[in-house]
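Here you go, one structure.
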Amino acid sequence: MSEELNNKPNKANLLIEALPYIKEFHHKKIMIKYGGHAMIDEEAMNSTARDTVLLKYVGMEPIVVHGGGPEITRSMNKMGKEPRFIKGLRITDEETMDIVTMVLVGKISTEIVSKIGIHGGKASGISGKDSQLIVASKKAPHRITDEETGEEHEIDLGLVGQIDSLNTEIVQMFTDNDYIPVISPIGVDDNGNTLNLNADTVAGEVASKMNSEKLIILTDVPGVLKDPNDPKSLIKKIKVDEVDDLIKDGTISGGMIPKVETCVKAIEGGVKSAHIIDGRVKHSLLLEIFTTKGIGTMITL
Amino acid sequence: MSEELNNKPNKANLLIEALPYIKEFHHKKIMIKYGGHAMIDEEAMNSTARDTVLLKYVGMEPIVVHGGGPEITRSMNKMGKEPRFIKGLRITDEETMDIVTMVLVGKISTEIVSKIGIHGGKASGISGKDSQLIVASKKAPHRITDEETGEEHEIDLGLVGQIDSLNTEIVQMFTDNDYIPVISPIGVDDNGNTLNLNADTVAGEVASKMNSEKLIILTDVPGVLKDPNDPKSLIKKIKVDEVDDLIKDGTISGGMIPKVETCVKAIEGGVKSAHIIDGRVKHSLLLEIFTTKGIGTMITL
Amino acid sequence: MSEELNNKPNKANLLIEALPYIKEFHHKKIMIKYGGHAMIDEEAMNSTARDTVLLKYVGMEPIVVHGGGPEITRSMNKMGKEPRFIKGLRITDEETMDIVTMVLVGKISTEIVSKIGIHGGKASGISGKDSQLIVASKKAPHRITDEETGEEHEIDLGLVGQIDSLNTEIVQMFTDNDYIPVISPIGVDDNGNTLNLNADTVAGEVASKMNSEKLIILTDVPGVLKDPNDPKSLIKKIKVDEVDDLIKDGTISGGMIPKVETCVKAIEGGVKSAHIIDGRVKHSLLLEIFTTKGIGTMITL
Amino acid sequence: MSEELNNKPNKANLLIEALPYIKEFHHKKIMIKYGGHAMIDEEAMNSTARDTVLLKYVGMEPIVVHGGGPEITRSMNKMGKEPRFIKGLRITDEETMDIVTMVLVGKISTEIVSKIGIHGGKASGISGKDSQLIVASKKAPHRITDEETGEEHEIDLGLVGQIDSLNTEIVQMFTDNDYIPVISPIGVDDNGNTLNLNADTVAGEVASKMNSEKLIILTDVPGVLKDPNDPKSLIKKIKVDEVDDLIKDGTISGGMIPKVETCVKAIEGGVKSAHIIDGRVKHSLLLEIFTTKGIGTMITL
Amino acid sequence: MSEELNNKPNKANLLIEALPYIKEFHHKKIMIKYGGHAMIDEEAMNSTARDTVLLKYVGMEPIVVHGGGPEITRSMNKMGKEPRFIKGLRITDEETMDIVTMVLVGKISTEIVSKIGIHGGKASGISGKDSQLIVASKKAPHRITDEETGEEHEIDLGLVGQIDSLNTEIVQMFTDNDYIPVISPIGVDDNGNTLNLNADTVAGEVASKMNSEKLIILTDVPGVLKDPNDPKSLIKKIKVDEVDDLIKDGTISGGMIPKVETCVKAIEGGVKSAHIIDGRVKHSLLLEIFTTKGIGTMITL
Amino acid sequence: MSEELNNKPNKANLLIEALPYIKEFHHKKIMIKYGGHAMIDEEAMNSTARDTVLLKYVGMEPIVVHGGGPEITRSMNKMGKEPRFIKGLRITDEETMDIVTMVLVGKISTEIVSKIGIHGGKASGISGKDSQLIVASKKAPHRITDEETGEEHEIDLGLVGQIDSLNTEIVQMFTDNDYIPVISPIGVDDNGNTLNLNADTVAGEVASKMNSEKLIILTDVPGVLKDPNDPKSLIKKIKVDEVDDLIKDGTISGGMIPKVETCVKAIEGGVKSAHIIDGRVKHSLLLEIFTTKGIGTMITL
């Protein structure tokens, strides 16, 4: 028998190995937060989109929420507008909000939709403003204590919002009709104003509301690490009730805290498992879903 | 009987007067091209959105296509990018195309969606890239004859496209589920590139493909005028086979020519009537639909 | 701008004014009891039917119950049969019941159906006998005390019934298929006998069973009046728990008592509001539904 | 084995014998024209209704059209109105039309509906006015030649109509929802006027439009007889192309001519077979459908 | 009137007599256990199948479970394999199980399906292995006390199973699509092994799970007899709470005990009535369902 | 990065490589003829079943037809019945037909159904007798010329049939409800007799009738070979119009002729491609579908 034939069964074996995962997640909603490296360039976006389409074709129902911080900052710079942050939150005046919306909805979302289309999926972009998908309200101002004087003052974050309620009927319509919805993280308040939202939070809350099986957050780190300097120190599984201790002892720290908290909230809201994975690894999405060990950190009840 | 009571019947009478129009257009698709004054400011957009929602509530199925030239030019200026036109067509390099998309999809469309939401309608924005709604290809370069030398040369318009085919399944999904789709006039080519399209043309072609009853183009003129300087010289009705003569004798001229040609093509494609109306008149949409005479120019077979 | 154009916006404005009401009652069932002046002649019936069709076209689901006392009396006279009443209830022997049925089902209902058809609605007449819509039983005899002797005796009302149960499946089938059902107030007992029913009561009970939003009773008075001789003394709103006092102090008296009691029972059965309005005012139905103040008396929880 | 047991198998055998007919007509529409003896009294109506319900329960879709001449005449007499006929057609002035409608829709139809209900069927009465079921126009006046003078004059039949078109959507809605529709033979003209129609004709035309399998006309004769004085001379089967000869040679004569012509027209309109049967024979409907020989005259292609 | 006509009404009368039963069991599921004489030969099977098809055509939803002991024994003999039983249960080694499956699924079921097809029904055979319809597990070994020594030993029954759970989705799919499912009484365990099941038990449990109206067991005795030697001593009705006493006093004994217990369990599981009838009587199925007295023993709450 | 991680991307890459095939055959019917080695033992059947389930889970609609010659012969031997063949066709007397049915339907089909169930698919066995799926008639006797005498005589093949018509409604019901139908190749004639059919033929004809995308025949050879003794001489692709020449020149010979002819007929009946593949190669089904070159012979238009 030719060498070619000898090799082929391996390929088929791999498909067969994937079968239990395919069965387990058949007709299950998989919420994927696109962020970081996974959206960094043409090639990365193509790869992420292709993987998402594959999930759809093997019977899952992927839903995408995307971020876009770096691109927003780039566009602001181009328009001669200086970005300002406070504790990681972008201070958002009206002009900034306009730019945020244009970049998220008009640039990033249409690009993702386009990439999914190229790979054979049917996608459509929606923002939180579409049929009042995300109703939000302005966040309370940030309180800051002047370290020298001890005086407290407030810093208004501008048009930064928190989610009040979700009308996911439109998302359901898309998944029911075999579309992959791509959600931009902006909300609308009762007066029709646009508010800037945290994309991870949007992904988590929509995942809960839609009874998603999984919430997968694509990041630029391998996951939660015991030793932040050692990528091999990855913690593969965390139980929800271990999180507090891991925060206290500093294992989960910095920007990882809100991500893990979003995961915990999603799980408490009914999502079966939440995953923080490394978008820099090729096909990380597939590896996390289709292998026993996965490649990132999985948080469960 | 009190004066109040005496007045009230007038109101009810007006509703009753509207009944024949409501009946005639029940469950009929009405394609509305938003443009010009109708989108000029907060108040105008609110008014147009409110009228559109009313159409929905009395049983029609409005579909919106919007333009956005002035806003695009404004944004380009802000970004220090000089807009260039040739015969009314915007020369669109990649950077310009990015700005066009961001403004159309990310700014104008989300605003219209938001306004419709405020007035009680369910809207969702889609661009021609969503599930390959509008497949387009690059227009041939423009040929120009140097008046002095008589030499011909070509000017490449860049990413300006012409419509090749439409996949209106997504638009149908929206109207079937009681949504008002808001379409941004950009297309996607076979390689996933974005192309800039003429909004009137998009409105006309989608209207044909969706078997719309009416195509209504909101402009900043009263309609087709016999004497362009006399707004009272409005031509109320034009038959499709009269159009050629009206162009030849100069009655239809300038920017009105492509608009009328779009109307003619739509009617030949099955739309029952096309209307060019004055978006500056308050509630022009309702007046055109709900009064016998209408307020603009109606083109029919 | 021409005078004509100046006037037109008023018309559109009125449609826009109606929008909030249209939205509020979209897909809501509106039970309308036709009676009195609203059915008095060709013109009145046409007007009432046209208003009913309008409600249908702007998205409500009207259901009609009609009375017919005067017409029955007229037909009985024609046939040389003397009508007899006791406390407002028609004493109904078999021959009378035949006439009642023929007039209600065969004359009044077909006329209403016909008028609704002329104005573009799809209507169909049903009686309480159609697929056992209204199962009823004979009312107990009326007890009367002879004022002179103090003796009590009973007067048998004949085939006058009270409602035992409703099978509204057929009504639902009609509204689900965009028909306006027109219900004649006769019932059927367990042996298949026909029974004469009070039309207001039928309207109220069917409204409750069908989860109607509104019960509107068309009468020949402006509503509940503080001073029965002063039509300007109309009470616009009555709370259900104010009704007892208004009956005790005589404000609600005579024939108005059972009407108000029907309204109260309907509201307790889940109907949101009940309205007693003046069918003599043109378009009273529309004025009550589409204006803030309404024109009659509204009863609510 | 007991005598009782010995007898029982006969019963079961009969059910088994009926099986081929049940299968053949499963889900087939059977149009039944009620007339003559079958409606003559309480007992006859009960029997006819019970048979109709049986057809429904064994899977057929019966549709009923009823006549009512004798009852109309009786009611007219009661009201002191003299009935007048010309060549079998009732001259119908407006007052007569009112009586006709009241009797057909208000009396006969409600009684049939009631009887079907008692026997466990769901019925609902409709007339040709319900949602424009039967659109008709006035018949041309009758021309009569004075036998003495040879002069011709016209006699206006009044509100006697001929069918122009049918909107059977409502009938379909009923059969689709397991109702037995009971149709009264009156029509509506373009101005909403009621017109008196021949019940046989209505049955035939609705049967064609609804793609009925059978048209069964209940009469007071055994069927078409070779010798009108000998009930044993029944012709069991007639081919459509034999009809002309049978009329010419006088076998089919008098009131039988229009009945047979209605049958022929129905068959030409797609009905598989038409049956003229004797409503005086108990269960004639079942005997015609469930026995090989039938009991009346069957007309086929 | 001819003699023929005189006879015919009897036939129609019988259909009319059946009407109340037809109505009562319309759209009701009727579980029929085929066994004994009813399957003994070509003619008997034809008769049973024809009766089953009749039930389907008059609106019921029959489901068939069949046994097959004698046929299995015959086939085993043919293959030179000696059948062994212990207390009525077939000791089932692997080879025997193969034969059991082949006979039940491959011979008896296909024959029943074929017979139903010939008589105009749509049938399809399923076993408990189809889409895991019947999940079962091996029965515990039988304990036997040696009468002489008083020693206990166990006898392994082999592949004899008891039902653990049912997935009746496939049965529902068949009845919803107008098929008559024919179920062979074998089950599947968690490892995919086939297990031999008692057909009466399968019939009873599927009847409960499917909310059947009736469970009818065809046997070779008239039903439960007071005096087993006197077929006229049939007990027509037994209440569930009388069963214990009847077993204690020996009225119900031997092979009748498990049958009656299956009936009791089915009734406790929601089946309205269970019937043990004599398959040797022609049309016993119809006689039991369509006559007031029935022909066998009916067990109810 | 760990070695493990290095390997993983290969796995994901293979899934991604499969994507175009998954997309191409999404919701397409794939007819698979099980035969030969693929059914030879427990392990082979498990493997084939698992592959079939995978096809289902990645969105295809597999339909299975199985053969069973060797098993039938084995069972006949066990029962002391000598199998006889003429030109590859089994001479089938009634007793043989009984054994054939028992083995195909009762043994092989239930085993396949069971195996598919174990691997997570929902399967159900049907034979050509289920709701008259395959209506067949007896084949004409075989004519044989005595080589010595030159005399012709006929040999009756017994109950060997040819397909007359297919009622695939039941197959469609299964695929519509996400079941994998497993079809046994027996047919039913007009009298309800069972007929033995060629499994390849059944697969081909059902594939055509069901508009299958592919017909895949599992055999025990690599496909069509140029040199029958050299498995490396496989012909990968054959056009339908090349078949005649390949038969004439002896490339296609013996038992391969009817297989190829079945493929040709299927393609002429609308199947897009037919494949003869080697069931001895592990996962041959997946390799044929999911690799560009495939592993067997593909026949197309």
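Of note:
Order as written gives the chain letters A, B, C, D, E and F; numbering starts at 1 within each chain.
Throughout what follows, a residue touches a chain if its C-beta (ideal position, glycine included) is under 8 Å from a C-beta of that chain, and two chains touch if they have at least 3 such contacts.
All values derive from a computational prediction rather than experimental measurement.
Contacts with subunit B and subunit C are shared by no chain at all.
By residue number, more than half of the contact pairs of A-B reappear in one of the listed pairs B-C, D-E or E-F, namely E-F. Interface subunit E/subunit F: over half of the residue numbers present appear on both copies, so the contact uses mostly the same residues.
The chain with its C-alpha centre at the largest distance from the centre of subunit E is B.
Centroid to centroid, with C-alpha atoms defining each point, subunit C and subunit E lie 57 Å apart. Spacing of subunit C relative to subunit D, judged by their CA centroids, is 36 angstrom.
Centre-to-centre spacing of subunit A and subunit F amounts to 47 Å, using the average Cα coordinate of each chain. Shown for subunit C are the residues that touch two or more other chains, of which there are none.
Contacts between chains close into a ring here, every chain touching precisely two others.
Looking at the complex, you find that subunit C touches subunit D at residues 75, 78-80, 98, 101-107, 109-110, 113-115, 117-118, 122-127, 129-132, 170, 173, 177, 179, 186, 188, 191-192, 194. Subunit A contributes residues 1-2, 4-5, 8-9, 11-20, 22-23, 26, 50-51, 53-54, 57-59, 119-120, 231-232, 281-283, 286-287, 290-291, 293, 295 to its touches with subunit F in the complex.
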